[in-house]
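For reference, the structures are reproduced in the following blocks.
Look at the two complexes coming up: chain A is in both, with chain B in one and chain C in the other.
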Partner chain A sequence: MIRFIVIATLFCFILSTQAPMTHAENRELLIGLIPEQNIFKQIERYKPLARYLSEKTGITVRLTILSRYGDIIDRFVQRGLDGAFFGDLTGALAIEKLYIEPVVRPVNLDGSTYSYGYIIVRNDSGIKTVADMKGKVLAFVDRATVTGYLFPLSYFRSHGVENLNDFFSEFYFTGSHDSSVYAVLDGRADIGCVKNTIYNNLVSRDPTIKSELRIIAKSPLMPESTLCLRKDLPEDIKKMIKEVLLTMDRNDEGRQILAKLQARRFIAASVEDFKPVYEMLKTVGEDIETYQYRVR
Partner chain B sequence: MRKKITQYLLLIFLLFALSGGIAITALSQVTRDLKSLITLHKIEIIRQNLVINLQTVQTNLYTIGTSFGPDLDVIVDNVNSLDKAITTCTGCHHSAILTRKLIRLKRFTEKYKEALSAFITTTANPERVKRLQMATAEIGEMLLQNTREMAFITNQKLKEKSGMALRKVERIKQILLASLLGIMLTGGIIAVNLTSEILKPIRELSDAAREVASGNLGYTIDYSDATEFGHLARVFNEMSLSLKEGHERNMNYMMRLSGLYRLTLSFHMVTNKQDIIRELVFGVAEIIKTEKVLVFLYNREQDRYASAFPAYGFTDSDVENWSYEPSFINNLYLKSNKRSIIIQPEDRITKQLLFRGNDNIRNLAVIWLKQKGILTGFLMTINKEGEEFDEEDIRLLSVIANNFSVAMDNAQLYRSLHTQMQKLKDTQEQLVQAAKLAAIGELAANIAHEINNPLTSILGYAELMREEEDVESIMRDLEIIESESLRARDIVRQLLEFSKKWPLKISKVDINRLLKEVIDLVSLNLKDSEINIIEDFSQVPQINADANQLKQVFLNLINNAIQSMTNGGTLSIRTEKIDNSVMIEVSDTGTGIADNVAQKIFEPFFTTKKDRGTGLGLPISYRIIKKHEGKIEVKKRMDKGTTFRVILPIRLSSLQISP
Partner chain C sequence: MILSILILLSIVASTLHAATKEKIIAGVVFSGDLPFYREIHEELVRKLFDQGYDQKIRFIVQRPNPDTLAWSNAIRKVIAYDASLIIVYGSGAARAALYESSSIPIIYAAVYEPERSGIKGKNIRGVGYKVPVSSIIRYLRKTGNIKKIGVLYSKSEPSTQTQYNDVKDVCKSLSIDVVKIPVKRPGEIGERLRLLSYDSLLLTSSALINKYFPDYILVFKKKSVPLVSIMEGLEEYSLITLSTDPRKQGAILAKNLIQFINNGNIDSIKNTDLLKNSLTFNMKLAIELGLDIPVELLTESDRVIK
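Right, the complex of A and B next:
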């Protein structure tokens, strides 16, 4: 009996000392997503990862989607985000303008660690060169993307197109890569821009797409969507999240979630990864400090 | 019975299990229906949510600008919920039409998502944006319409299924009720059946037990089956029969004992040898129940064991001259170790024993008869009824044989006693005769002596007169002669009186008065004497007696008493009723009577009064009292007087009342 009381007391003591620790960890992280593709698909794609992270770290990870690439810079502080999966340009802008640090980035299914942009037209459009594009409708993705705007812009410039308004009958921003593809496919635009990972993803689901479209140009390698976290987050949390993500390919559950993200695994990311973005900005004569990333 | 009860219980258990099974099946069916109903309701809720979500999204579509901000998350959530709802619906089993509709809905949703996403993310000139918005809204409307259409179908389905489920519940309720009633009915029948099956044998058993208790031993019951009750009934029957058997055995034993008692009693009642033999053979035949009984006794004269008469089951002529050589019998006696023997018809000895009439012999027992340890004969019992002789019979017969021997001994003793008695009687008679002769001789001598005295005087004075001349002397002598003659005459007269048999003249006599008369008579002569008379009379009844004769007795007794008190004294006369008699006591305080005198006072001519008595007073009194069936006795008190006690019966037994 006495032994039982002693054990019970000890147990209660342990529980009472444990409780504040768990409470301290019981916080929330709000992670933003850019509308890389259909916002519904995008959020569905990342949900399992958020759940996995919550489970493994004990921190509730919530996701929020942004309707514009550029919004992520404006709204990061406004919305009180703790981190976000940034694209090539948004990542660079964030590093520049926000107090964040890159944590991890995915390794694509083909093993590559970078992505690149395509300029696409419909096969039956007869467009083969930039010259063929005159008077056509162009669908960019967003101003705050290299693959969906800066690269096509530099490409067109290198092919003598200085004023987009004069050269194209209309150009607009679809906001997401797949929308740009669908706009071309549906005839709402003649020329589209798309990141190779999204393109491959669409083709894998509907192979006819590949035969319907023609790739006119291919951009240099750009960093894939990189998870960046606020620098002022507690170190242990950042470390824990990084650890979980870097090792998730070592278990079945993690591997399944990675498959949904069309990734093999995560690798550590660094500011260095965004060098190509700066180069591209230079090409188009823009400066990251002054670049007008907002779409008007 | 245990098996039956187990079977019944098993049956009830099975019935319960059956009804339980029915109930569970029914319940699971109802639950399934209810589940499906709940699912339908859930679907309905999903659909409603879907519609609400859709409407919200549609509303958002028109009210909010393209920079959705945090509202975008809400839209995304709504659309995703919508998508999930449709996916859920498509995942279920549906009719082909519904499945087709759902697939279409799904396709529309995908399109809607596409259009919505494009509308939300696209940045273009207002016309394009407006076009995108219109397209999205259009798809949304179509989605709504489709959903509403489906709502109708699900509603119909819901109604139909609800109705079906309710009907099923009702039916199940009926089935449950029916099965419950059925089980109750069956259980009741089983209970009644079981109870009656248990009670019937118990009732029969208790009735039978009452029968047996009331004395009907051997009463059995017909109940028989393989149950415990059947076993109990069998045991009961066995018990009843064994009780009966035991009772019969006891009764038989009792009868034998009473027979033995009767026989023993008879043995001691009869003294005749032949009667004893008759009692023996008939008694044995009755007690042991045998067809034939014979007795053989050793005849010393013939030196043979000859049959005694009578024999049971034989005529006298049958057994006449039936006898055995002593050597043969003695041999048999010794061979049997001097014990009674049971002989079977096939034994060689049977033929030797029954050289005549040995037909139909089933069994035979020989019981030795002994007197003072010496073989005097034997008893032969033949053909016991129904069964063989057993040790019990032999024991009983041995007891009878012993009793017989004692009875024979007694008879012999009685006979010799009788002879002795006769001899004694003869001797006594001779003695009495001699005494009588002696008495007569003595009497004659006494008479001669008594008469001789006056005669001697008379003769002497007559002789004297011859020589006397003087007339005066002669006259004096003549007077003496006369007086002596008168004395002689008195003696003769009294003698005559004694020998004479006066009949009693019986009348009612008051003893007290009679005594008073006597006392009055004598008291005249006592005037000068110093004798005091005490009359101690009690109230006594009148008695039947001869007053004159009694007066003579008491006069005699009182005179004797007075005469014994020459120097005076007290004369007491007492009367008292004792039982059916009256007692009269006459006591004096005179000289009394000596022992040797007391024995003779009632003998004739015995007297202590030399001159005055004749010695006939008391003998005459004695005779009178005897005739009155009374008693007279003397209580001698030497030197203290004498008491005579007379006891007279109030009534005389023999009618001596003379006319």
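Right, the complex of A and C next:
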């Protein structure tokens, strides 16, 4: 509840960075972010990138953070977004429902270009198998994520759990991946779901976390956060943005900003990257056209 | 002769039949008169009523002062009332019940890590809990530079000693010194708080400490250090509280009790360790003490006191 109040107060938080006027004078881009981590950390991570893009392109890049994953689909048009960093499932949903195209996605610090989901428990919980999870409390992230919802759903089904309500004493949505980790660490939930990059980020900042948690299952590879832009944006703008992002690892300033994003560099993204999402949807018997991604 | 034996047998049989129809007498002993235990008991009564079992049991409730002698007296009293079952809340009363009776079935609730705390035996079953002290220390460290944490626990409540050991283990890997603050009587709380040196204080779930700590709050406030707690009830003074949910404890206790009412056998009850905690952050206190306000505490807390 508190989480949502905090998020709600920042609901319309918009960061703007003034850029020196160059060839793209008076132009402005509004880019959306999903609450992959808590909203404060997302601001901290992406603000330097917005400033960098503004400086290099002469286009004022503003960021807006959505309170829930699904909001990025619902509010993309309503808020007049020009693009967004989409997650695995929100990216696939956006490709289907919005007039957008994938532009770039990051290469993680370990060189990987994909991420995957973990199902985690506390080391001292005694939970080793799905059977041990009966009657326990489960923390998903959001219905609009593969690593934080679809994969665990598919995993539990493959282990004979058809009805979550019957099997778990309670399940709920934390809203962000790091919240799911904290819920398990604190004993507010017995089982959590998290994207590996967020898990690794938390562990790198506090190594004690690793010794307290056990990874029960790992998902197939999923696309990393992908910047998608409106298809109808002027070609020169799309090209310029892509160019700046793809080459930012070639200078010190760019590398520092990439480090904040826990990335080595950006690489070109394509619709093909989202294939694993469609496959995961299939395993749980869902269709992207009709999938109910909103948390009710 | 045969006729008189038959008459005697029928009298015995009818008496037994009547007895089984009678209400079960259950002695309930709190480790202290604390809102936390009251909430567990209220939830127990509510659940029994909802499921139509309230007419099958009669409670004799004892809320003794949190000390060894008072717990033993309370247990003896309920035994004298001919209780066929003893229900205990907290490790102090649980240990006293185990000591006073090896034959009457005992069902406990709100005991931290029962096995490790020695709350085990042939005639005892129940619902325990675990609060990861590592989490509370992780959050505490984000509020400031913590180097020396005092742990206030009760020598008479075995679970609170287990909690002290857990804090010690966690702090070892974090290079934080732990100041052991054991108490046996209420007066020792104020004395130790005043004399010892620490830059933060952790209150264990001791009934004695949670009941009497507010009496010494002025002594503690002079130290101007943060307090963290692993039991609901002192959120007004505690910067961070990570506690098990008393309602969940009460609900599982009710389930165990219904099982006992139905088959009269303690062996059928499975020990449960509940891990459903709630987190409270007192932001008002953090500001008063000039501490950092970590984002994680704002976003993760179930309740923020402003």
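Heads up, the rule we're going with is that the second predicted complex is superposed on the first by the 271 of 296 C-alpha atoms of A that agree within 3 Å, B and C clash if a C-alpha of one lies under 4 Å from a C-alpha of the other, contacts with A are read in each partner's own complex, and residues count from 1 in each chain.
By our rule, a contact is a pair of C-beta atoms (placed from the backbone, for glycine too) under 8 Å apart; a residue touches a chain by one contact, two chains touch by 3 or more.
A quick note: this is a predicted structure, and the numbers were derived from the prediction, not measured.
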Combined model on chain A where chain B meets chain C, clash or fit: clash
First (chain B), second (chain C), both or neither touched by A:Phe40: both
Touching partner for A:Asp190 - first (chain B), second (chain C), both, neither: second
Chain B versus chain C as contact partner of A:Phe168, first or second or both or neither: neither
Which superposed partner A:Tyr118 touches (first chain B, second chain C, both, neither): neither
Chain B versus chain C as contact partner of A:Phe274, first or second or both or neither: neither
Which of chain B and chain C A:Ile65 touches, first, second, both or neither: first
First, second, both or neither for A:Tyr155, with chain B first and chain C second: neither
Which of chain B and chain C A:Tyr182 touches, first, second, both or neither: both
Segment of chain B that clashes with chain C, given the candidates 111-119, 201-209 or 309-317: 111-119
Shared contact residues on chain A - chain B and chain C: 38-41, 170, 176, 179, 182-183, 188
Contacting residues of chain C [partner chain A, same complex]: 130-132, 134-135, 138, 173-174, 242, 275-279, 295-296, 298-304
Sites on chain B touched by chain A in the complex: 66-70, 72-73, 76, 79-80, 83, 113-114, 116-118, 120-125, 128
Contacting residues of chain A [partner chain C, same complex]: 1-3, 6, 38-41, 122, 124-125, 136-137, 170, 176, 178-179, 182-183, 185-188, 190, 206, 208, 212
Chain A residues touching chain B - in the complex, by the definition given at the top: 35, 38-41, 43-44, 64-68, 71, 75, 79, 142, 170, 172-176, 179, 182-183, 188, 295
